[in-house]
Amino acid sequence: MTTKAAKPGSFRVNRRTALQGMAGAAGLMAAPGFVRYAQAHSGAPIKLGVPIHRTGIGASYGRWYERVLTAAVKLVNEGGGIAGHRVEAIVEDDGTDPRRGTEVIEKFATQHKVDAVFGHLFSHVVNAAAPRAGELKMPYIVCSEGHHVASVKLNRYCFQPGITDVKSQVQSMAPWVMANLGKKVTMIFPDYAFGHDHRDYFSAAVKAKGGEVVALIPIPPTETSFTRHFPKIPASTEVLYHVMVGPGVLTFVKELGQHFGSKRPQLFGFVDSIEAVDLASPALEYLEGTHFWEGNPRYAQANQSAHDKFFRERVGVDANGASKSDPKDVSTYAHMFSVWETLFIIKQAMEKADYHGPEKKVAFMEALESLKEFPESRQHPQGRKIFNGKTHQVFGHQFISKVENKKLKVVHKTSIEDGMYPDEGDYTKMSF
Amino acid sequence: MDFGPYLLLATMEGAVGAAVLALTALGLSLVFGVMRVVNVAHGEFFMLGAVIAWWVAHLVGAHPALGFLAALVVAPIMVGLVAAVAERLVLRRLGYDPEATIVATIGLLYVIQQAALSTFGPDARPVEPPVDFRILLPWFGYSGYKLLVIAAAAALMLCVWWVLARTRVGLMMRATRFDRETARAFAIPVDRVYGGVFALGAMLAAVGAVLIVPIQQAHYLMGHDPLLLSFIVVIIGGLGSLRGTVLAALVIGMSDGVISVFFSPTLAKILATLLVAIVLVIRPTGLFGARAA
Amino acid sequence: MLKVDRIDCCYGNTQVLRGFSLELACGEILCLLGRNGAGKTTALKAIMGLVKPRAGAITVDGVDLTHLPAEAAPRHGIGYVPQGRRLFADLTVAENLEIGLMARHTPRAARERALDLFPALRERLDQASGTLSGGEQQMLAIARALCLEPKVILLDEPTEGLMPSMVARIREVVSTLRRQGTAVLLVEQRVEAVLEIADHVLFVENGRSRDRLAAAELRARPELLGRFVGVGD
Amino acid sequence: MTAGGLDRAALLHLAVPALLFALQFVLPDYHHVNLARVMVLASFAAGYNIVFGYTGLLSLGHAMFFGAGLYTAGLLAQYAGVAAAPGFVLAILAGALFAALVGILALRTSGVSFMIVTLMFAQAAYLALHYFGDYTRSDEGFVVPAELRRLFGLALADPATRYFTALALFTGTLAVCHAVARSSFGRVLAAIRENEERTRMLGYDVFAYKLVALALSGAVSAAAGAAYAMLFGYVGAGLASIQYSIYPLLWVLMGGAATVLGPFLGTLAMFYLVDTASGFTSAYLFLVGLALIALVLFFPKGVLGTLRERALPWLP
């Protein structure tokens, strides 16, 4: 089924209407005389299953992942599809729930019979779905930034070619933070796995650069107010490193402001906290002058590449990273490019493997493993990337941005090498 | 930071949490006490209050205080209406059977949550506080609005107490709570009292949400925590006891904050949770409840 | 003035009243006699609208209450003193009386008249009614019903579990009510007591209303009692 | 209940697993794998039904017992390399132990207090999973390596083996529930549900009966949890969250409390309700909510409970 693009910012893949349209189109194409027009895409379409967090805690991200998906699929099909086949994206909601996420993988594999599944984001859903994808022999390509793929604890069917993992992100930024903001770091992070990754990898990177983590402040997963944790921030703190994923971020910042006033340490945060949040929101004034990691700069920079411009145009995002139809509707810009890039990587690998149907799944994945580098391009608007076929993980540039006039301005771009670390295993030694 | 100021901060935070919690829990307690209905959708009424508050504040647009005041009036009324309709169409037809109402209110929870997601969207949205000033203490700064929340919550609780203790409507509620059949034999319109109590309970949750939303933002999944905490408060406080509810809210609100001074926050939450369980095991009628449920 | 015409009542699938009828005139005391479970209490509840009859009709002064909500009965002047008192125990004495006043929007004077009958209650107005003694509770239950200035008062075992002096007091009050023109429908176990104050006795058996006899006749021929389902043993 | 009725009931309980066994040969892949999962979750629901349906105790803490099974099997495999079979046994013991410990305290309360106490214990356990995140990987969870997911030499990841294992578990739970429903133990439980005070007067140690019922229920729930870890290879705190205390309640109420087959029917119906509804609207939770409301309004005793009341009084 083709994902229908309506006006940017408000579209949504509606499976039923798309299905009806499809059936109609198929009927037309089957009619004599129309055969020639259908030649542009030959044979059966390539079906991609895309689990989306439409509901549950990941819904903010899911909405934008779906919009990017729609735009990317449209672009691929305009360019002749994959190896001459039209691409159909089949979307299922997984409720950001590990069990439902797994069920959806099964549905893709056994009912929709898709060629590959891609697009999963939240780590717990990925971890639950990955073993089933392997058992069902379903290529499973995630857009999650978690370290789970690169840790080589999943299986050979799991890839992350579209976005750098947390370990690499954190490691590549630590030197800049040490050099420019301070060496004594206090970390505030959510007390669950994603936060623990930050805690472990960033602490290690800080120590490696001669810095010191003076305090670790884990926040319980159900916390909605943060003030009472602030006294644990030692007075000697030079940099406050914060990762506060979830809807509590505005509270966090506001309370930080109430607590410290102007006598605050340097703040360095993960943009995950303020994804889909308008920087012009009340309370966020306090972030003025602080720094953030960004996977992809939300605000169009002075030296914006033509590719980024093109990407924004097609997805329907303005120069502030918000929906063109509603400037209050802010995107998850730092992450959502991964859906776009991943689709083009699937296309590249499938065409390299001369993929025309599921019998070539293994060839497709081997082709994917053989990819080495993705140059900055329309297909890869975030920038150049290096892919490690052994760990199935991609490595790219990271951005450090400063909040200036309620916008994020890039002040540093890490090199790809900054984020490299030794392989933790080798998927290619596993069997399919 | 020194221990003293630290404890002071934890106490102030606990007081703010307790104030809003007391309001929300009072709503649950009323419904529970008068109707013997466990309203699992109570947290969703809270969420709905926050979401409508955001919507109203945005529509008004003018000075934050104006938007906030409008929200303070509109949100509870709208939530009350939703609750009254739900009571009329569902709970009344179930004859307030305890188990059936639990399932029905779980259904209601899903319906409200999904409706909020479909219309309001998945993002957390802030409402500006009506007043924005920072109280500077020698050791740390503190939000002035938060102190205002405590005052507002206390005033609202006094209002509720006055209605219950001093008005005819309150008398009807208390009589119905005690003996539905005899109340009926004295011409108390029990059906209308039930509808009113259910709406009032939801409105209290909504008011709590409007107060908290400048601190916490509206989000479609925010109803979960208030529900859990309200449950605890209602049980610890003793069923339908206003005084007990307030005291229990204070204890719960404070204990979490103060325990987290001594232990890691997650461990503090675990201990606080276990404490509640143990208290209930030792005193099944709640700390302040005089009578068995 | 109160007329119950061949009503059928059920709890779930169990039929409790079958074609039950009675008539009560102003200033009359009618007593229902019958075994436990014969349906006496249900008959009172049906009159109050607390149990809805499946067939038949209940009228007060010609107004048909059968299909009106339960609030209609007190509004039309039927006062109810349920079995076991059923005070609102958490509420104070004054509040219990207030509920009686609210039922029919009767003036405060009604409360004073009720308290005149039970002066002991006057000293305890602010006390929670649950803390009263059994006798006081019964007085309050009656006073509460009197607050709505009833045309008919239904008394369900008002002397159950009370000391003899209290029983006498309540009997006096019932007589006073009759003198004032109030109709009284009484459910009572103590036959001697019934015979002393009642005008008529209606025997109830298996949910049916049977013979209605003048109390005077029963007093004269106590052997008649034996015919009626073991009452009086 | 007539003797003939009892026979019919036993026959039905044999027929259902037999039907499920036969189905695996004809079902399309998708429904095949779904049914395997539904059977595992239905076993959890059946475990829940022992306390909720038969004993009349409304627990909101069963996620803890499911989680106990899930994590016992999962952690032992992950860190001690314990294979599925011993892991399974230990998981059942862990579930029974947890349930007994919770029961000793929680059973001193009743009604809504019991609900809250069980909820609190489960919530504490859930938070503990986060506190010990270094081992449990908290909400993110971990993957149980495929090579440890073997039972008697058979790979549990294989669809046929998985289906068969799930069926075996389900049949086992069915047998347990059937036995409970028909035994004198079960009749005492029913008596407790109907009138606890009277049962105590008759000389039964009500507390002990409830405790045994809860431990049994915990063991069955843990068995389902362990099966989930072993069959589907994922262990995560999300599966021990409050959500998973509410699910079995819903499934049981939907199918019919205190019926042997109700939990299975409820789980199956709920799964396909979500699955089909999500096919044509992203607002499927809305439909689920409405379905629940409609259910209690029109079929208050669940599907089987209503059926038993109206047409098939012999239904166990």
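Per-chain numbering from 1; labels A, B, C and D assigned in written order.
The criterion applied here is as follows: a contact is a pair of C-beta atoms (placed from the backbone, for glycine too) under 8 Å apart; a residue touches a chain by one contact, two chains touch by 3 or more.
Not measured: the values here are computed from a predicted model.
Q: Go through A-D and B-C and name the pair with more C-beta contacts between its chains.
A: Counting C-beta pairs in contact for A-D and B-C gives the edge to A-D.
Q: State, to the nearest whole Å, the distance from the C-alpha centre of chain A to the C-alpha centre of chain D.
A: The mean C-alpha positions of chain A and chain D differ by 36 Å.
Q: Express in whole angstrom the distance between the two chain centres, defined as the mean CA positions of chain A and chain C.
A: 76
Q: Just the number, please: Cα centre separation of chain C and chain D in whole Å.
A: 53
Q: Approximately how many whole Å separate the CA-defined centres of chain B and chain C?
A: 43
Q: So which bits of chain A are touching at least two other chains?
A: Within chain A, residues 55, 191, 220-222 contact more than one other chain.
Q: Two or more other chains touching the same residue: where does that happen in chain B?
A: Within chain B, the residues that touch at least two other chains are 114, 117, 264, 266, 269.
Q: Which chain D residues touch at least two other chains?
A: 127, 130-131, 282, 285
Q: Let me make sure I understand the interfaces: which chain pairs count as touching?
A: A-B, A-D, B-C, B-D
Q: Would you tell me which residues of chain D are touching chain B in their complex?
A: 58, 105-106, 108-113, 115-117, 119-121, 123-124, 127-128, 130-131, 242, 246, 249-250, 253, 282-283, 285-286, 288-293, 295-297, 300
Q: For chain A, which residues are in contact with chain B within the complex?
A: These residues of chain A touch chain B: 55-57, 59-60, 62-63, 191, 218-225, 227-231, 235, 247-251, 254-255, 258-261, 276-277, 281-283, 330.
Q: Could you pull out which chain B residues touch chain A in their complex?
A: That would be residues 1, 5-6, 9-10, 13-14, 16-17, 64, 114, 117, 121-124, 126, 128, 134, 136, 140-143, 215-217, 219-222, 225, 257, 260-261, 264-266, 268-269 of chain B.
Q: Which bits of chain B are touching chain D when the two form their complex?
A: Of all residues in chain B, those touching chain D are 32, 38, 90, 93-94, 97, 99-104, 106-115, 117-118, 228, 231-232, 235, 239, 264, 266-267, 269-270, 273-274, 276-278, 280-281, 284-285, 293.
Q: Of all residues in chain B, which touch chain C in the complex?
A: The contact residues of chain B facing chain C are 168, 171-172, 174-175, 177-179, 181-191.
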